[in-house]
Amino acid sequence: MEKSEKPLITEDGLRTDGRGPRDLRPVKIEVGVVKNADGSAYIEHGKNKILAAVYGPSEVHPRHFALQDRALLRCKYHMAPFSVQDRKSPAPSRREIELSKVIREALEPSLFLEYYPRTSIDIFIEVLQADGGTRCASITAASIALADAGIPMRDMVVACAAGKVDGHIVLDLNDIEDKNGEADMPLAMMPNKGLITLLQMDGLVTQEEFKQMLELAMEGCNLIYQIQKKALKSTFIKTVEEV
Amino acid sequence: MRFSKFITNLERKQMLNLLSTGKRIDGRDLYSYREIKIETNVIERAEGSARVYLGDTDVLAGVKIDVGEPFPDVPNEGVLTVNAELVPFASPAFEPGPPDENAIELARVVDRGIRESKAIDLAKLCIIPGKKVFVVYIDIYVLNHGGNLIDASALAALAALLNTKMYNYELVGEELKILAGYQPLPVKNYPIAVTFGKVSDYIILDPSLDEEQIMDARLTITIDKDKRICAIQKGIGGYFTLQQVRDIAKIASEKSEELRKLVLSECK
Amino acid sequence: MEKSEKPLITEDGLRTDGRGPRDLRPVKIEVGVVKNADGSAYIEHGKNKILAAVYGPSEVHPRHFALQDRALLRCKYHMAPFSVQDRKSPAPSRREIELSKVIREALEPSLFLEYYPRTSIDIFIEVLQADGGTRCASITAASIALADAGIPMRDMVVACAAGKVDGHIVLDLNDIEDKNGEADMPLAMMPNKGLITLLQMDGLVTQEEFKQMLELAMEGCNLIYQIQKKALKSTFIKTVEEV
Amino acid sequence: MRFSKFITNLERKQMLNLLSTGKRIDGRDLYSYREIKIETNVIERAEGSARVYLGDTDVLAGVKIDVGEPFPDVPNEGVLTVNAELVPFASPAFEPGPPDENAIELARVVDRGIRESKAIDLAKLCIIPGKKVFVVYIDIYVLNHGGNLIDASALAALAALLNTKMYNYELVGEELKILAGYQPLPVKNYPIAVTFGKVSDYIILDPSLDEEQIMDARLTITIDKDKRICAIQKGIGGYFTLQQVRDIAKIASEKSEELRKLVLSECK
Amino acid sequence: MRFSKFITNLERKQMLNLLSTGKRIDGRDLYSYREIKIETNVIERAEGSARVYLGDTDVLAGVKIDVGEPFPDVPNEGVLTVNAELVPFASPAFEPGPPDENAIELARVVDRGIRESKAIDLAKLCIIPGKKVFVVYIDIYVLNHGGNLIDASALAALAALLNTKMYNYELVGEELKILAGYQPLPVKNYPIAVTFGKVSDYIILDPSLDEEQIMDARLTITIDKDKRICAIQKGIGGYFTLQQVRDIAKIASEKSEELRKLVLSECK
Amino acid sequence: MEKSEKPLITEDGLRTDGRGPRDLRPVKIEVGVVKNADGSAYIEHGKNKILAAVYGPSEVHPRHFALQDRALLRCKYHMAPFSVQDRKSPAPSRREIELSKVIREALEPSLFLEYYPRTSIDIFIEVLQADGGTRCASITAASIALADAGIPMRDMVVACAAGKVDGHIVLDLNDIEDKNGEADMPLAMMPNKGLITLLQMDGLVTQEEFKQMLELAMEGCNLIYQIQKKALKSTFIKTVEEV
């Protein structure tokens, strides 16, 4: 596929999907969607469709991976073969391996792993459809799945990207903007104290642009955090009704 | 954990007692399916897709179409590839890593039903004989393992195929030029897999995950639109009598009609 | 290779290798052919040439695979690279993995695995030359190898296919018939009580044809069972002489 | 063993006490690099190579150039491939086998800096559009792990590129004919990775192996020749405040100048 | 288990005592082979095949011929590929999975003998220079491990080659058209591998499995039809004196004649 | 690359790199070059550039590989992707697996492995640049690395090849001679008693030529042994000064 020739930002300042520079894509979250898992969540973030499931704390397999002083946190980010334009081989790519790592590291600071020594907490993320920003949406969903599994937390983790597209600093890049824009910077944070747990960037930006992107991405995180909280509240109510 | 890995001996006895009265722990009688829900076109990015809920089982099938080379022995036909993944996402019993024998068996049983019933008109997927054909990838993705993955997967695969759109093209020399609009994938048969479990001497249709754990043997009969049998697979280390096999084939034939109606009505 | 244009059944009702529809191919069985194994057998079934070896009951490696209440039965069906027309890569194919599974499951009901908890019984099958129906011949041979290893059994297991070729229901398909026929249905059974332990089918047949194939395949099994018994008897005699 | 895997609690306390006075166990202040030594053209058989010593860390980067196909979406550009191996040779903490998540992250962070800053003029590596381009392989080989592999590897990769010679060629039909002489690889930007660790609330530049073991989080900022940021990577399971990130970006920009001068002077 | 994995100290002593009298546990003297039986054309489906029984060792070699591309540095020659599999079928000491170092060493030693003696006239296997050549696959399949796999495998490989038939063909453009009839593979040398073990200070020919377990070192000398040495491989973690190596080379030369006669007479 | 047309030995009896038939290439050895390792050495042998590192004796991972009566000796010979003309895939080739084995077996007789039961001694060899004779140079370097690690030894091991090139018996073949010559015979020995611990040959030689090659290779080993000893002596002095 050749690079798009059309402008990514129109003269009116609108983006290919009609959003303004500081607008989020629609985000929809459901909790408790995978029956076998201890906790789970489904997120639609733009056209991203992602499931996260948490198993644990449970016995570690293989056993010699167990840690004496805390739970072993593992994370697997995986894309379905049909989630992208050209069929993706089911074997994990280098990109998926890196993303599994940074997602795990983004979630880790929110958890009291020391409460569950010698156990494992496994996070599985399945990207059913990808549309730019899958790692951010995955983190948002996985944090909810961890909460749904009853894993004690310091704070939720929520993620959103900012970037630079056609010279503009914009929030929450979609697939076209990600591929054809100048920079993409995913950021995850624990919203209560604004602590940044994931930060990556591809692109080329000045220090000033970088500062703007940082602030915008954190704003985006706060917006998504509201949706995340709402999704969790509705579950807790459900849980009470079930009893 | 919400997923109970082991069935106790007591539970086993209760399940057997119930079966002796023609009932099952979830209230079904012996030859009933659990509730089935089919959603189609759930992944817009795929050429075709469907999600099937069969009781607690949740399976997503996605179809991607690519251009590739034909097999040398059938130079005028497109290629069908079925792949299944039992990702640990769906059950703590699934292991990470490349497909194991269970995932491979699942994919191959689904593949056989589609292939042997000639569900896809592969001859229509030839672009340049011996050189270029369409390759149809069906990827089966189990999202929750609640028992009887075969029937749910076969159903999801069929629904996804019925729902698959291919772009229009013309040949410019040996290159494909993509034109506006879409055409449906040529699907001409509708195979339905019907799976039975044997628990002690009872034969049950559509075993749930709990039932699979006390089941001695499994038999899947895949039936095409003309009530012909197009694939059989016995699984798990038990046995069937000749009479049981005959009975199962007959019930499968009847039950396949129900499911076929359901999938065709969802995919209209 | 293009599909054969010649009829598979002549006007006289004879098949490409001269057999009638209900005829078996020649079957030859030898017992105790692999010195290192605890039990072994060699079968020639048509042009199939297959070796089966059994090791065990023995200590399980790796140890955590051991089962507390019965022996772990493992089976590996493997084709030699030179066993087929086009050289086969030595790495196990998806077909070989599936066949290993269904063969193991066909043999399992015949064994008293509960007599040997925490041990493993390993069945290795090597197809030296393939000619249609390798899984059936493998099961027949492996059951003898298990008997040769002294593993206690409820019954032997014996296998044979029936199928549909040029509109006729026939017994024991060879390679050409398997590839160009309408249906192939391998079946394994414990012959004493006629209990079916393997049943597969590829093809397209009516319910009525299916019933005929079922009966014919079971007939075929009974024929092979006679040969199997004879092979075993001659070993037992040999064993007595050795003492 | 000369390599101490674990830092005791006492050592940890001493390191923190020192940090509170603005000093580090090896005598550095918070924002200083260890001694850096760059050797170029160390592997004559490679098209380019460089070895970087950063304190106890020892990294060798080799560049090989091959002819291959372009990616379909950029038919007019050469291909860049960065690979890193953390062979057990370099540390008992490295496992044998294919690259693990750490090796992959290392390679991808180095790759991103080079790619996003457009350090290599890939358009000049096109031979026949859509068909034949040069493929640049950068292989990063850690020979001793003494901490902060990212900065040492990025530096070695850049030095190796600056040092890379390509043969001259002419096209005879679609075949390359190799001519006498060499030309340098077209390098037009000089990205420098600058990595910080966070130990308790202290931010330190260029963490050593000992410091990495008590470090809570890591942040790498890659800066191009015009002081623009071209790649960022946060690592390890800790966090940074907004203010810390801003400070780090500023220091990174300054420090990158030092390193860039060093590498350019070594590669003249 | 019929296969005894360990030799006790007592057995070891008995074996050494016997050796001091010039005898071995199976009655052989030091420089004798066990009984050898060669069967050829055992796999009709293969282009060539042979099964060699060397005492309890049982090895099957199959030859398949395919059409492929030549190596760029020898565009006018066919390609030889030797592969060995030590499947767990043949011994509880063999592990499942891809070939391990023992299987690889076995294949490479057999390969070297054939290649260095120019046993196959690879120049005659060129179809279109630089484009199409015949590829000769030799697959070695150990069916029972009774010691000295190298000699048995090399013998089976040679017998299989001598027994290999290739179809006749003519070139139609760049495509092969298969004609009626067969021609033998052009084999012009007959390398024979002769393997010795060192047990304490005794040198023995053709070690059995029991002997291999107390053996300190192994030396294989491969001899061609003109008594030239075409391959050597020392194995296992022991050593030889210069004199021992010289003696072994001499005996190998003599013994190779016996085996060559045997294989040539079987393959007439 | 087509085979070289030029003679490998000129009329004056000189080789492509100007050496006489019985001349060694320059050999340079450094000890203690890898800080993390327990012992290490660097060798330049002609244009070969090779590093050897030794870790151990240490606890065995995975544990069930441990031997009850002696140390487990492991060796990994690995070529850097840029060490050869055409980039080598980093995955271990069949050649590298075989060489790892024969190098381990060449070093093993020099070690008192029985002194360290239930431990492992790991030898890692990294070929940074290859120029013919890498296995010999690797053995020479690895033996020094073992000494540097303080592993008790019967004797050093030293290795050198002899071969046949353009009809002449020559010492220490370089890459061109190895590829275009008639025979290459690497040999390793423990020099004190002249015990041969590695011997391989590719090529075609008479018994008489073989004898000459044997003697010449052993001579070469003795020459390298002098360099090896010097390198070690300078380390020991260094060690003393350090105290």
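Points to keep in mind about this one:
As written, the chain order gives the labels A, B, C, D, E and F, with residue 1 at the start of each chain.
Criterion: a residue touches a chain if its C-beta (ideal position, glycine included) is under 8 Å from a C-beta of that chain, and two chains touch if they have at least 3 such contacts.
As the structure is a prediction and not an experimental result, all values here were calculated from the model.
Any chain touching subunit E that also touches subunit F would appear here, but none does. Identification of common neighbours of subunit B and subunit D yields A.
Within the contact network of the assembly, the step distance from subunit A to subunit C comes to 2. Compared with subunit A, the chain whose C-alpha mean position is the greatest distance off is E.
When the contact pairs of E-F are matched by residue number against B-C, C-E or D-F, more than half turn up again in B-C. Distance between Cα centroids is largest for the pairing of subunit F with B.
Mean C-alpha position of subunit B lies 58 Å from that of subunit F.
Chain geometry summary: the mean Cα position of subunit A and that of subunit D are 27 Å apart. Averaged C-alpha coordinates give centres for subunit B and subunit E that are 48 Å from one another. Chain geometry summary: the mean Cα position of subunit A and that of subunit B are 31 Å apart.
Contacts with at least two other chains are made by no residue of subunit C. Each of the following residues of subunit D touches two or more other chains: 99.
By the touch criterion the chains form one closed ring, and its order from subunit B via subunit C is B, C, E, F, D, A. Contacts from subunit B toward subunit A in the complex involve residues 1-3, 42-46, 49, 56, 58, 60, 62-64, 66, 83, 85, 87-92, 96, 98-99, 137, 139, 141, 143-146. Touching subunit D in their complex are the following residues of subunit A: 1-3, 73, 94-95, 97-98, 100-102, 104-105, 108-109, 185, 189-190, 194-207, 210-211, 214-215, 218.
Interface of subunit B with subunit C (complex): residues 72-73, 99, 101-102, 104-105, 107-108, 112, 116-118, 217, 219, 224, 227-242, 245-246, 249-250, 253. By the touch criterion stated above, subunit A contacts subunit B in their complex at residues 34-38, 47, 49, 51, 53, 55, 58, 76, 78, 80-87, 90-91, 122, 124, 126, 128-131.
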